[in-house]
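The chains carry the letters A, B, C, D and E, assigned in the order they are written, with residues numbered from 1 in each.
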Amino acid sequence: MSTVDTVIDRGRGMTTEQLLLLVVGLGAFLLLGDLIIGILNGTYSISRVARYVVEGTLYGLIIGLAGIGLSMTYSILNFANFAHGDYVTSGAFFGWGVTYLVAGWGAASFGHLVLVAPQRGVGGAQLEIAITSTPFAIMAGLLVAGIGTALFVYLIDRIVYKPMRGSGGIPLLITSIGVAFALRYIIVFVYSNRTRGTTLGGLPSFDLLLVDGWVSIDVHDGTLIVAAVALMLGVHLMLQRTKLGKAMRAMSDNRDLALVTGIPTEQIIRWTWMIGGGLAGSAGYLMVLWTGTIDWQFGWLLLLLIFAAVILGGIGSIYGAIFGGLIIGISMHLSMVWLPGGDFTTITAFLIMILVLMIKPSGLFGGKTTA
Amino acid sequence: MSDTEIESPEVPNDAADPDPQRNDIELSVDGLVKRFGGITAVDGASFEVESGAMTGLIGPNGAGKSTTFHCITGIHRPDGGTVRFQGRDITGIRPYECADYGLVRTFQIAREMANMTVLENLMLPAQNQSGEQLWRSVLPFARQEVEREERELLERVWEVLEFFEIEHIAEEKAGNLSGGQRKLLEMARALMIEPEMLLLDEPFAGVNPTLEHKLLDHIHELREEGYTFLIVEHDMDLIMENCERVIVMHQGSVLAEGAPETITSNEQVIEAYLGGEV
Amino acid sequence: MSTNTTDRRAQLESLWEHDAVKILAVFGTIYITYALVGLALGYSLDGIVNTLRRMTYLIAVYGMVTLALNLHWGYTGLFNIGIAGFMAVGLYVTMILAKPADPTGAAQYAGLGLPMPIAIIGGVVAAGLAGLIVAIPALRLRADYFAITTIAFAEIVRLGITSGALQEFTIFGTELGTGGGRGLIRNYGDPMNVIFELEVFSSFVDLTNSLFGFGPTQARALAYSMVLVLVLVGIYWLIQRTSRSPFGRVLKAIREDEEAAQSLGKNTNHFKIKVFVLGCALMGLAGILWRFRRTGVTPEAFRPHVTFYIWIALIIGGAGSNTGSVLGSGLFVAILFEGPQYFRRLVDQVVTFGDAPNTFAGSVAPILSGDVAPFVRYTFEEFTTLQFVLMGVALIVLMHRRPEGLLGHREETAAAIPLTRRPGDESTAGRGGDSS
Amino acid sequence: MSMLDVNGLDAGYGDLQILSDVDLTVAEEEYVVIVGPNGAGKSTAMKSVFGLTTYMGGSVEFREEEITGRTPDEIIHQGIGYVPQNDNVFASLTVEENLEMGAYILDEVPEDALESVYDQFPILRERKDQKAGSMSGGQQQMVAMGRALMLDPDLLLLDEPSAGLAPDLVDEMFDHVDAINDNGTALLVVEQNAKKALRRCDRGYVLVQGQNRYVDSGDALLNDEEVRQQFLGG
Amino acid sequence: IGDEDEVGGDGPDVLNIIGYPESGIQIFRDFYSDHDNGTEIIVPDGMQDGDLPNEVGNDMENVTGTGPSSDGPNEDAYTDLYEDAYDATPGVFTAHTFDAVAVCILANIAAGENDGEAIRGQMRRIANPNGDEYGPGELEEAAAAAADGDDINYQGASSTVDFDDVGDPAEAAYDVWELGGDGIETVDTVTFEGSDPGGEMDDDSPGGTDRDDVMVSMLLPETGDLGQLGTPMVQAGELAADQFDGTDFDIDLQVEDTETDEDTTISNGGALIDAGYPSIVGAGSSGNTVSFVGDSSSANVVQCSPSSTALSLSDIDDDGYFFRTAPSDLLQGQVMAEVAANRLGAETVATMYVNNDYGQQLSEQFVSAFEDEQGGEGLNQVSFESEQGSYSGELESALSD
């Protein structure tokens, strides 16, 4: 399959690609230049640009965190999992159910709490959920989001993907679309399709005066940064320090050979799903903590951006996923400097992804599988 | 093209080596270079193949034989050097253009279209089929012409099937064929293009001896009809017995070139390739 | 006796091999079932005919798109999940071209006021062009990257037409617009007027009136569905011809092994682009026919799920088979798309459920004490949600149990003539001496 | 007493039966070679020992224990190593990482085993940080063998270790194989370089169309006129 | 560096956020966490949800709202009915739904048959002036009168329910509300004498009691973006149908969900038409209504929306089959402009609107009314997509100067 790409890539495509790279590079350079000049001469407000960068970074961390899992399953099982976004949503619901329970035990019925208030009534604001007021509930929620999703994702693998182990990437991709559909609406069935607020408003925040305005980072922004970075670091260490990481690379290289080498491939696949799922669930939980709302399809809406990040960074590379997430997040927000309003943020992300695919289909960190 | 180009490959080269029968050179490769990242797979290889002859291309693993084929037939674009076919510069040609010129290659591992029948496989390569234009295939009046061509083509396909003695599997799916039959199909398919020269990449690798003899017979028959062959092969006996000339590649360049006898006694070749024992 | 039954069985089986029989059998079943459902729901005759008409309309439109997708995926192996985008381009361009130049009434945005046939051609061409724009960069990519690029493209199209920037724009001094999120309201005449104004059409109106008690507008809707079926047949024919030709043979070869096809002298990129553009144009056409007679269109209609519907239809029918594509669309519409709702209405008719619990928790808790009724009620209340679950599960089960779909296992011969017998052998020779 | 005992094995892929009633035995420290035409089922026989084919009948016993139905990692635990025919290195892992993978089932990388592999193939020590995929064909073959030796197996299955190697490398490879056998490891080797292999082995099998055709000592097979004519190219 | 004047910025005095609660929660959260610089906010009917402060986690004191009021002559009678039945205060558009269902049923009775065309001819005979007046509590009497062929004048819960020549309500009233401790608190009501009642209607009513069930249906959002607003509306509609319990007529009321989704609206609406319902109360959001009007009118089915307020629906091509009991946003734009200028003292305004028919048009109406009638200045009009994870970008743009 990819030999054809090789034909074009290694062949005549080279020059057009370099040309494209040049054009894109030039474009990026001009935009950056414009941004700097604009800031210097006051056309663009510094604080506004800074706010975009901060927002974008936070968003990018979530995309990147969720992206690591997608990237891992993508490279080891060799398929683009379209259900990953809904894993993110599931995780958020699992985790927030627990947060509600811990924070609001007795304040409402068990069902109401564990289903994250499927109906109006006692919600996050009444339970005063915030890292400052209910740190334990949030920690418990995050933990459950991670572990619960890991187990849940493993279960899905057992039921859905395991019987198809030998199939190619495309049948698996199609199947994952089915999983995505089913899962998303099962979430609606169980949790209802109501959007709800999950946290207390008016959180303590750290405000920074930046020449012409404020940039504020509240405690949940901070929590997101700390938790996301810690999780990323944790995964990094886990893959570096244990032979799991190498085995994963070996498997993404050549699954049959791994099997006869004595690597317990099923066990590695299990771990891959579980780590990927756990990260997806945690990302979902943190996203909800950060935005303060939860609904049944936020993960799905995030999915294409996660794909964009993973492809941008290069499939199979966790640094690639993180880096890709940050680029996507920040550029989406920065695009608003030139294209005000939210109309073009997503378009910007997709265009960047398509450009990268055209110039460097293996992604920025492509080939360097960095477990 | 690239700085590694050794010298102008044009006339001067030929002039330096006054060859009275210049037209008899079917394919000439000059200073071919191909790099993959840090690896230089082909490093300035130059050689010529005479028309109507059967030439062997040998060399150790990784010498760059397959890569040379890839560069000649446009699967890869060379980083330097020129390729001429029948006097025409075809460097950096696209694979499909290559077939247009009458230069066709087979693959080291047979690449049949597994889900198409043998007949479909053999009808596929025919060149200049007007039915490959969408509108002709669809519009009624043009369609008649297409169908006529198809009938003619089918006749030819049967001739080729007969030639290779595989009529009995005509309606079989290619994916169900045995390894040997696949090799036959691969070669038959190349012939359907009506090429002038065939590049065969290890056509006998993994083919059992009986079948091998049969294939060789076919090849000799074709040679008599005027086809030119360039064959990559590891089996020295086969090369010795069947080729007029042998080219030895080593580390991306041509180490020696000449009649089989001279090659086997060439010190360098023995050292680099044949090892102590022949 | 037993031989007799096996004979009959064999006969039936061989009958089933005919596409026409399959289509008749499947669609016959669908239509009869729905007619019965209509009866059970107490619909009047015109209601039943109307139900079947809407079903036909949906099947025809989905069928067209599925056929186009089959051309992409089934024949050539191009994994297109940006279908909704191409449909949107077709429809929007047609509407903008056809809308009168001076907006009146509810229709806020001006168009070019071109005649309908030209507008349709414009829309189809635009969808094809969109295909070209996607194809050039994307065709070099691996199937999964290609897929992601196409879905990203579709989202770019949808978000683009939604955006304020294109809500109203000026091109060569003419004011045009996509209407942004509010969409476009149709203010050109009924595009089918060419037919409706024909003399014979009035007798059709009379006929349907006397048969089903239809008014003229219902007669028109019925006639429109029939037109759609004709278009579907046309597209089926077109794709069937395309695949049974040297052109189709190359497509098949590309799907099998693109590099080998190139070495056999086929400019595969050329073929891929052609076929991608053709498929996209057909998707555009389907998009146009889907909505251009409606009062209005909004970008919402082109969210990605439309694309997934088409994929489900294709997988049901089996990639690679045109007949399968049509059957798949029929089954998708009848069973997965419309079916659950009719099932719900039927059940509603027969059983009266009390008040359902408001939440899942409320429905599950009583199960512990052995009372499943609340859960059943809740499930029923949430039927629409479960319909989507059903679609997803159907896709999974299909991929597990029958990944080749109903008819995908059957390979159609890629040649303009039948490749069964050797030309000029006994049978032809036996038929007459003219060959010698 | 034999170590590996394959008895009346039927196996294949999915519904497709390739092997019928195949018998193979390997005694402790023995060097056994399988030859035969392409597609005869030689690789299939090896894969069957490792449980990688569809089992259809017969038995595979290792030290008198039935091992059909076990997973590859269990079989490796028993002391069998396997080097497949093609694609037998992890291309994107370094040489050392490849070797480490060979000892995956152990909790820790056995340093002495690593050293002994390096001693046997010094070139691997030199190149230990190179990506295995960028090594030459012969070197890759060494990596693959080295990886299988990491657990110091009692029985090693080698599928065409000399395939596709240039003539000079072929001999080198045979020497390595001999050395492994000299260290006490029993070998079951598939070879297309039939003459050379038979010359060195203790016993040889000729497999044709999924069935045993001949079994005898290497020399006997080499001297058998019929075998020579049909399978060894005269 | 930088322009000193920009410190502190001077964005709009009032920001109008037009949308639905589902996105509103996120928008307000983003507003309060990052963009709250004292700007006053005004919101229309779509956001009239007393639960918002709970979900947002803020008391939302700076928010003022408007919305079609149920300020009909019989508002109280209706409120009592509703509270009795459901033990809750009636929400926005519930009165309009009640009225729509009531009028559809009465017109059906007057027409004497389940026929859309006949009902279309009776809608104004039932609702418009002339004839005896009946309110929500007197529907049994009204039914009897209609069956007798009398010309009656239904006096609704939401308004007098008089249709003008395009089928819009001739009179409209708007509440100005604020979010208080326990939900919506109406602080003012503005009444418009809009256009004159009028338009085509039949000259007499066949009426009669000896007939089949009276068929009427609702096509409203019970789920999706508007699920929270739609569910009480459906309840109000059912309440209206219940009022006919004591009459000679059996009411066949069928409810279908739009899911606030275009495809579902078309599909489920189509099924209602097929089932023979001659009148459909719905759809909820303007976008869905616009896509369905063609279907209903071409099948000769009366469609009466209780909540679709987009301007475009006034003169949509409907062959006279489309009515609504909710007033066009032409008026709400004026009310909001008035409130922004006078009550909130704004000189500059900006809008952030959901990118659909309703949002776009109301935003335009509001800004032009604010500029033309109040002499203020409209700054940014920023659209947004529903269902996003963050609206900071939109808020940033809307609040910039």
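Here, a residue touches a chain if its C-beta (ideal position, glycine included) is under 8 Å from a C-beta of that chain, and two chains touch if they have at least 3 such contacts.
The structure presented is a predicted model; accordingly, all values stated were derived computationally and were not measured.
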item	value
Graph separation of chain B and chain C (steps between touching chains)	1
Higher-contact pair (C-beta pairs counted), A-C versus C-E	A-C
Relative to chain B, chain with the most remote C-alpha centre	E
Chain centre separation (chain D, chain E; CA means) in Å	79
Inter-chain centre distance, chain C versus chain D - centres from mean C-alpha coordinates, in Å	54
Whole-Å separation of chain centres (CA-atom averages), chain A against chain E	39
Centre-of-Cα separation between chain D and chain A, whole angstrom	45
Of all residues in chain B, the ones touching two or more other chains	74-75, 94-95
Multi-chain contact sites of chain E, meaning residues that touch two or more partners	223, 382-383, 385
Complex contact set, residues of chain C against chain B	238, 241-242, 245-250, 252-253, 255-257, 259-268, 271, 274-275, 278, 411, 413-417, 419-420, 422-424
Complex contacts: residues of chain E adjacent to chain A	1-3, 6-9, 21-23, 25-26, 29-30, 32-34, 51, 54-58, 223-224, 227-228, 380, 382-385, 387-394, 396-398, 400
Complex contact set, residues of chain D against chain A	50, 52, 71-73, 76-77, 82, 84, 87-93, 97, 100-102, 104-105, 147, 151
Residues on chain A engaged by chain D in the complex (per definition of touch)	243, 246-247, 249-250, 252-254, 256-264, 367, 369
Interfacial residue positions of chain B with respect to chain C in the complex	73-75, 94-100, 104-105, 107, 111-117, 119-120, 123-127, 129-134, 137-138, 143, 146-147, 149-151, 154-155, 158, 167, 170-171, 173, 189-190, 193
